[in-house]
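Below: a set of structures, written as structure tokens.
What follows is a pair of complexes built around subunit A, which joins subunit B in one and subunit C in the other.
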Partner chain A sequence: MNKILNILMLLLTVMVSQAATIDHIISQANLASFYAGDDGRSDARMIIVDNKDNKQMRQFVILRKDLTEGGDQNFLVVFSRPSDVKDTVFLVHKKVDDEDHRWLYLPALDLEKRISSSDNRTSFVGSDFFYEDVSGRNPQADLHELLKQDDAFYYIKSSPKDPNAVEFKYYTMQIDKQTHLPMVVEYFDQSEAIYRRVEVVEVVDVQGHPTVMKSKVSNLKTGGYTLMEFRRPAYDLGMEDDVFTVRSLRNPPKNWLSGQ
Partner chain B sequence: MWTVSAWGQASLEQTVTEQEADEWGDDWATETSPWSHSGFMELAWGERSGDDVLFDDQTPLGELRWHQALEYTHDKFDFNWSHDFWMDEVAGQLMFDLRALNIDFSLFGQTDVVLGRQITTWGTGDLLFINDPFPKDWVSFFSGRDDNYLKSPADALRLTSYFNAFNVDLVITPEAEPDRFINGERFSLFSPFEQRQVGGFEVVNPRHPRQTEYALRLFRNFKGHQLALYAYHGIEKSPNGVDNTLQPYFAAKNVWGASLQSAIGQGLYHVELGYHDALDDKSGINPMVANAQWRLLLGYERELIKKLNWGWQYYVEHTEHYERLIQHAFYPQTEIAENRQVMTNRFTYLTMQDKLTWSLFVFYSPTDDDSYWRPSVNYRHNDQWQFTAGAQIFTGQKSHTFFGQFEDASALYTRIRFQF
Partner chain C sequence: MQEKIVNYIFNHPKVIFGGVLLLSLITAAMLPMIKIDTDPENMLPVDQVERQFHNQIKADFNLHDMIVVGAVNQSPEGIYNPKSLQALLTVATQTAQIEGVIDYDLMALSHVDNIKQAGPGSIQFEWLMKQAPSSQVDIEQLQQAVDRLPLLKNTLVSSDYKASSIYVPIADKNQSHRISLEIQAIIDSVDSDDDYHITGLPVAEDTFGYQMFVQMGISAPMAGLMIFLLLWYFFKNLKFIAAPMIVAMATVIMIMGAMIGMGYTVHIMSSMIAIFLMPIAVVDSIHIMSEFVEKYQAESDRESVIRAVIADLFKPMLFTSITSAVGFFSLMLTPIPPVQIFGAFVGAGILLAFVLTIVFIPAYLVTLKKESLDSLRKLHHSKSKLSGWVKGMGQFSVKQHKSVIVFFLSVFAVSIWGVLQIQINDNPVRWFKTDHPIRVADKVLNEHFAGTYDAYLVLQADTAAIESSFFADASVLAPLISSHVEEAKNSDMDFAQQLNEWLYWAEDQLFDAQDQLADDLEQFIALIDQTNIQLAAFKSPDNLAYVAQLQSALQQSGLVGKSNSLTDVVKTVNRELRGGAAVAFDIPDSQAGVAQALLQYQSSHRPHDLWHFVTKDYTSTVVWVQLKSGDNQDMSAVVDYMAEHIANKPPNQLISIHWAGKTYLNKVWQEEMVAGMGMSLISAFVVVFLMMVLLFRSVLFGLLAMLPLTLTIAFIYGLIGWLGKDYDMPIAVLSALTLGLSVDFAIHFLQRARDIYAENQDFNLTMQMMFEEPAAAISKNAVVIAIGFTPLLFAPLMPYITVGFFLATIMAVSAMVTLLMLPAMLRALKTHVMK
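Presenting the complex of A and B:
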């Protein structure tokens, strides 16, 4: 009897530590991907290419400030190209446990528009990136399973807790053990075929934070893809809280827009 | 700087080729110069769906337009210029519109100033305005130009100060700037004095108002709830008063109002209230000047399914001293309803990775029994080319109601834009 109990205890301990390990890996990946430093800025641009090789471009500056590490965050996105979105500003108060607060400023109408929260798994400004790829997916939304590991990577399979809320059956991640960054994320549909891939193309150390400088999203169903490239990233700039208020919609903070 | 994960470079080189890396083509088009410019050329054409017998030509929209914006950015200020030139088929001449000519800068850390010709917007309504007293271009709106042309500029001073307790927004327009109202030149309208439809030329031609307009907004964001109070001293933005010389004019008015906007579940709601005080007809006995009104707006919007957004609004305007209005009216049967109500629905659906936008906006008034439908589809081929087709459809049972009078203005339009 005692023996069986001991074995059970051991088994339980192994399972718990296994769970603890995977939670730790996922949490670290989330922090490395979306919470580097207490605040940050970067120039960003995207090339959106459809299956007919028709190209579009988006260029913007993105500012971020974390309210709690791994928790709520504020974002300000200021577009500069193409000309029909020039000076359009997007302000997001991201809430981990609630609907985000979002505002959009349209300069031609001087219209400051509160916008309702939308499905986070839809195109970000017409690209193959989803909102969630840019601002992060809540790690608590999925069940994570460590499939295997080697010297370089953890291989993880994640399945949604609410399958009706998303379009994928599950996704897999290759997480770099050194930087904690997910280097390849692949999404599988209901027939378990890969239809979408997000990959990191270049990582650079910025102030001690491994930082994604280039990434690519491929839509394997349509053959379209989007390349994203960052420039002049910087962290821990001491951004004031009021950078992320509606004032910045009409008057974006110049000192943070230009990379120092 | 060092590059981590050499393996990453090696393993991914196959998927991201050299060719793709070159696709950026240019540099970041960086801020080497403080000047930036943008603009577009646009060809637009519209045709009435039925005939308006007051017009020889059934084309309410025909133009080739050049829009150009120029911006100079300095550490301490911005300079903004934008204009439109267009060949107008309906007016039969080259037209010019200065859309912006202003400088903006900050003072004392917490105040933003915009001085010069500018476009201003506030309030919570979607195409219904209670506390937004800034000029609107109804001619552009009705004729099928881009929605951005609904707002027209004014020469004004705007001061916006941000404080912990609340923020203050003040706009002073030294010489009042009215709406670009329907004057008969492009669309006919119902004349309550002649009791018939008039148009085919500029039938409403008032003197330009001289008053100064003051518009004030106090606002704050409290835990995601956006509260605002409004005050306005100025004019009716359309010349719907008649003065002693029997000329149409812009009657003086004050507006007091408030609004609240916040989230409810996955949607957003807004409530806005305003009292429009008729300074030239306080007691409501002058049939030549519109009476005071209370105006209330309720709205809700949300995403129904992926990329399909829906917005709904209910609006009511209550005319004060209604009995006196009817007693003194020359033609009581064509006066507005005591409680005129309007409902709106907006559907916006983005497809083809946001390149194709389907849009429908409908105004419907149960009290006037009239409606205004604005369907459109926009295809954004790439960053240069855009194609739009749409319609403006007015229906009504009576010739004098707000939307019903424009039944003959119903039209189809199309636009082709090249932007740079």
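Presenting the complex of A and C:
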């Protein structure tokens, strides 16, 4: 009896894993990376290191609220360092079916600005991260192919549907089967040489969500890299919708900025 | 002593031959280790201050050597047409993929970012030309975009819209010849009617090195061949003239082999060692052989003829060799390493040639079969045409000695006038002939653009006061903090980096700190923030305004095509943030405003571009100066103009201003060389004079011996002044050659005249005899060297042509001066000198 049960379980597992189609893997990875909880906040510290080991720092708080799970979501990024860019704010309304809406507030210039976001593969404030790395690349923009899998990872190759919109020819991902987080993403240029690597360095469970605490983007061409460290992450805080309106550019929501 | 040497030579000719052969083989084996060096930077010692500063700046600001590719379209529509733009995009994209090209720093229309207004209240960063535009509207938009960006206008597209350029940064300048060939191949494969040009200092240098290598294989052997033909013309005996050829070859091989074997690189100067040594090495042989032929009769015993010849010539040959060597050794006093090496090895080569001549020629002559020398007896070269002229000259100069002296004095005066007009100038691109593709590219691109020659004006803020006040403030905080700071104080990290580290540390500590410690940590963090702001001198609007002010001075100098700076970046971003109107093209009011504008600039595809203008701690910045000319003279003029301007409008007292960049370095070594050459010429002059006094045991004779070289040097440099030819490195080095060769003739002439006079005590007879064999040998030597170097005139490299031309002139002039001036002077001073 036990034996039969075991065999049934095994069969079931095989069937389930076959059902785990490539789209499912990608969608799970997307959810795990960018949609944990209904909302969330974290302190972030970026260390930008060049090939001669010169460092620059950026510190900011990032707030997020999902409108639909796996769909549109809003981000608010409030800078605290370097101190001369303190209170610089980015507001992003991420649209899955359209171009994102992005706003910028520069306090020293007392300037509120829309930023056109036709291209999300520009540097995020001088780091090796792209805007897209922070807010998430739309999974629909690429064609995904499961190369192989082992006990721990799915190995995926993704090619852009519109090659002219991006600088890479394709990228590969190693997705952790347990956490669904892409642990290593590598980008290949037109001559199929790897030139950029995004790695998850540390994952911690926060309120039941596997949460990236440290990640690293390496630019293999310049020899530089950027480390991003997260602190005091928290989910499901019940953020109000009006946290993510243009009003917050000049008056960022103080209560959500400091960690609990 | 001399006797003993000759005896040994006669008894052991095979030992001599074997020794010369062995040494030649050993040194020849080292020749393949040759390493070519064409980097003008190496004109300065590695530890030279300006050179070190230049390289520090290159490293601090990630400045790479650049190949400049330019496309020119002369049609009315210019470069802004679909076909040209498509070709530019293709060339840039493919060039970026060449091995050794730093693709992320490549500058081309297709590879830079545009910052622009995207509808009301909205700005956008995008690639300036991701795809080549095909519609007229899109093309006009591109043109307007470029015109709006001060960093690109007149740098990537010329202001007449006829030309566009691609700046190709390369990792290793020694690869630039290969990379430029690959770029050429790409250009050839692209469908375009535009004229493409490739230039830039690294290409010029590397291509020059390649050509130099080729020339070493062509010019030196051709010179050897010419000398051979001339010797054949004079002596008509193959076996006889083989001897000086062997001496010359052996000298060149041994010296070049030794130099390469000792690990010295072959620089432009040392590549000419063979060419310099070849004539000097045959000179002594020609003296010996002329006299041998003169004395050799059918019945004479070869050994005793040779003994007599050596007895006559040993002393003058030794002295001429030492004086010539001194002339070249004096080059070691210049602070230019390639010139030092050149001087050392040519000097050593001259001494070696003397030794080889003394030991090899007698051994060779004794070993030859008697019949081989038979033809020599038919030679009465003192009756040749050349000798006829020379004799006429001798008679004329003795008879008309007053007019001759007056003539030379006036030539001297005119020469000095010419010397005063000498233009000191050099430019590595001008080492190519005017029709060389690199010269053509240089000319065309500098006609269209703001200039392809770079120099950097570097502004650095002194941070010492900020550091010490930080340490003072930190020392009163909680012991945990002050001791941590104290510990790290002397690490080799720079201060700005330490601040970063301390900030991380403080934040980590703050995580579980309480009460007073927490307060102190907060204070410490605030102190770091504040110190960071103080450090960032070039985020300050005042300093940025000063940079802009320097730039307008550069522009006003009239010598600079354009300059680019951090201020241009800040103003451009600020303008776009403020709606794009021209009035907003200004520096923000506050340091935070500058910082926030720059944070936006870094949100582009090329955030690293910022670090070509400013260091990450914002304590230093460079102004990229584009010059239309790489001439040292023009660079000097800019430097002088700015020095005066800065003296009148000094920066904030903590800021120091220096120059860097290749064009500037060229100016530095040029100046060092001129000063060094003066020094070496004067010291060689003094040493040679003392040696002459010693040789002739007479101050008067010493002075007489110095006359031909003084006149010749004055004449040569006067000629250079009158011709308007720039005084550049090869020209500077010629002074040593002139000094060496002119004194050579004078020594032979005076020594022999004294010897002959001692025998017959009759001035007129002495002069008559002097214009037989001795004068013939001198004029023969002059002709051999002068004509021997005509192949140099056909080289594609200007320094070779220069050397070829002036060698011939030097020979002709110094022989003329020796044969006209010295007899005239001797005649005038007859009662004093001939006693």
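What we mean here is this: the second predicted complex is superposed on the first by the 239 of 260 C-alpha atoms of A that agree within 3 Å, B and C clash if a C-alpha of one lies under 4 Å from a C-alpha of the other, contacts with A are read in each partner's own complex, and residues count from 1 in each chain.
Operating definition for what follows: a residue touches a chain if its C-beta (ideal position, glycine included) is under 8 Å from a C-beta of that chain, and two chains touch if they have at least 3 such contacts.
Here the structure is a predicted model, which is why all the values come from computation and not from measurement.
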Quiz item: Looking at the combined model built on subunit A, do subunit B and subunit C fit side by side or clash?
Solution: clash
Practice problem: Scan A:D205 for contacts with subunit B and subunit C and give back first, second, both or neither. | Solution: first
Exercise. In the overlay, answer first, second, both or neither for which of subunit B and subunit C A:K216 touches.
Key: first
Quiz item: Where does A:T88 make contact in the superposed view: on subunit B (first), on subunit C (second), on both, or on neither?
Solution: second
Quiz item: Of the partners subunit B and subunit C, which touch A:T179 in the superposed model: first, second, both, neither?
Solution: first
Self-check item: First (subunit B), second (subunit C), both or neither touched by A:K254
Solution: first
Self-check item: Partner chain(s) touched by A:G126 [first = subunit B, second = subunit C, both, neither]
Solution: both
Quiz item: Now for A:S159: first (subunit B), second (subunit C), both, or neither, which partner does it touch?
Solution: neither
Quiz item: Touching A:L104, do we find subunit B (first), subunit C (second), both, or neither?
Solution: second
Quiz item: Which chain, subunit B or subunit C, is in touch with more residues of subunit A?
Solution: B
Quiz item: Just subunit B (first), just subunit C (second), both, or neither: which does A:K52 touch?
Solution: second
Practice problem: Of the listed stretches 116-124, 260-268, 368-376 or 782-790, mark the one in subunit C with C-alpha atoms clashing against subunit B. | Solution: 116-124
Quiz item: Do subunit B and subunit C land on any of the same subunit A residues, and which?
Solution: 45, 47, 50, 54-57, 81-84, 86, 106, 108-109, 111-112, 114-116, 118-119, 121-123, 125-127, 224
Quiz item: Given the complex with subunit C, which residues does subunit A contribute to the contact?
Solution: 45, 47, 50, 52-57, 81-86, 88, 104, 106-109, 111-116, 118-119, 121-127, 131, 164, 190-191, 221-222, 224
Quiz item: Within the complex, which stretch of subunit C touches subunit A?
Solution: 59, 97, 103-104, 113, 118-119, 121-127, 130-131, 497, 500, 503-504, 507, 529-530, 532-533, 536, 539, 574, 577-578, 588, 590-597, 599-600, 602-605, 607-608, 610-611, 615-616
Quiz item: Once bound in the complex, which stretches of subunit A touch subunit B?
Solution: 43, 45, 47-50, 54-57, 59, 80-84, 86, 93, 99, 101, 106, 108-112, 114-119, 121-123, 125-128, 152, 176, 178-179, 183, 199-206, 210, 214, 216, 218, 224, 227, 229, 231, 242, 245-247, 250-251, 254, 258
Quiz prompt | Residues of subunit B that touch subunit A when the two form their complex | solution = 1-5, 7-9, 12, 15-16, 20, 23-24, 28-29, 31, 36, 38-40, 69, 73, 75, 104, 106, 112, 118-122, 147-148, 150-151, 160, 162, 167, 221, 224, 226, 261, 263, 265-268, 301-303, 306-307, 309, 350, 353-355, 380-383, 386, 419-420
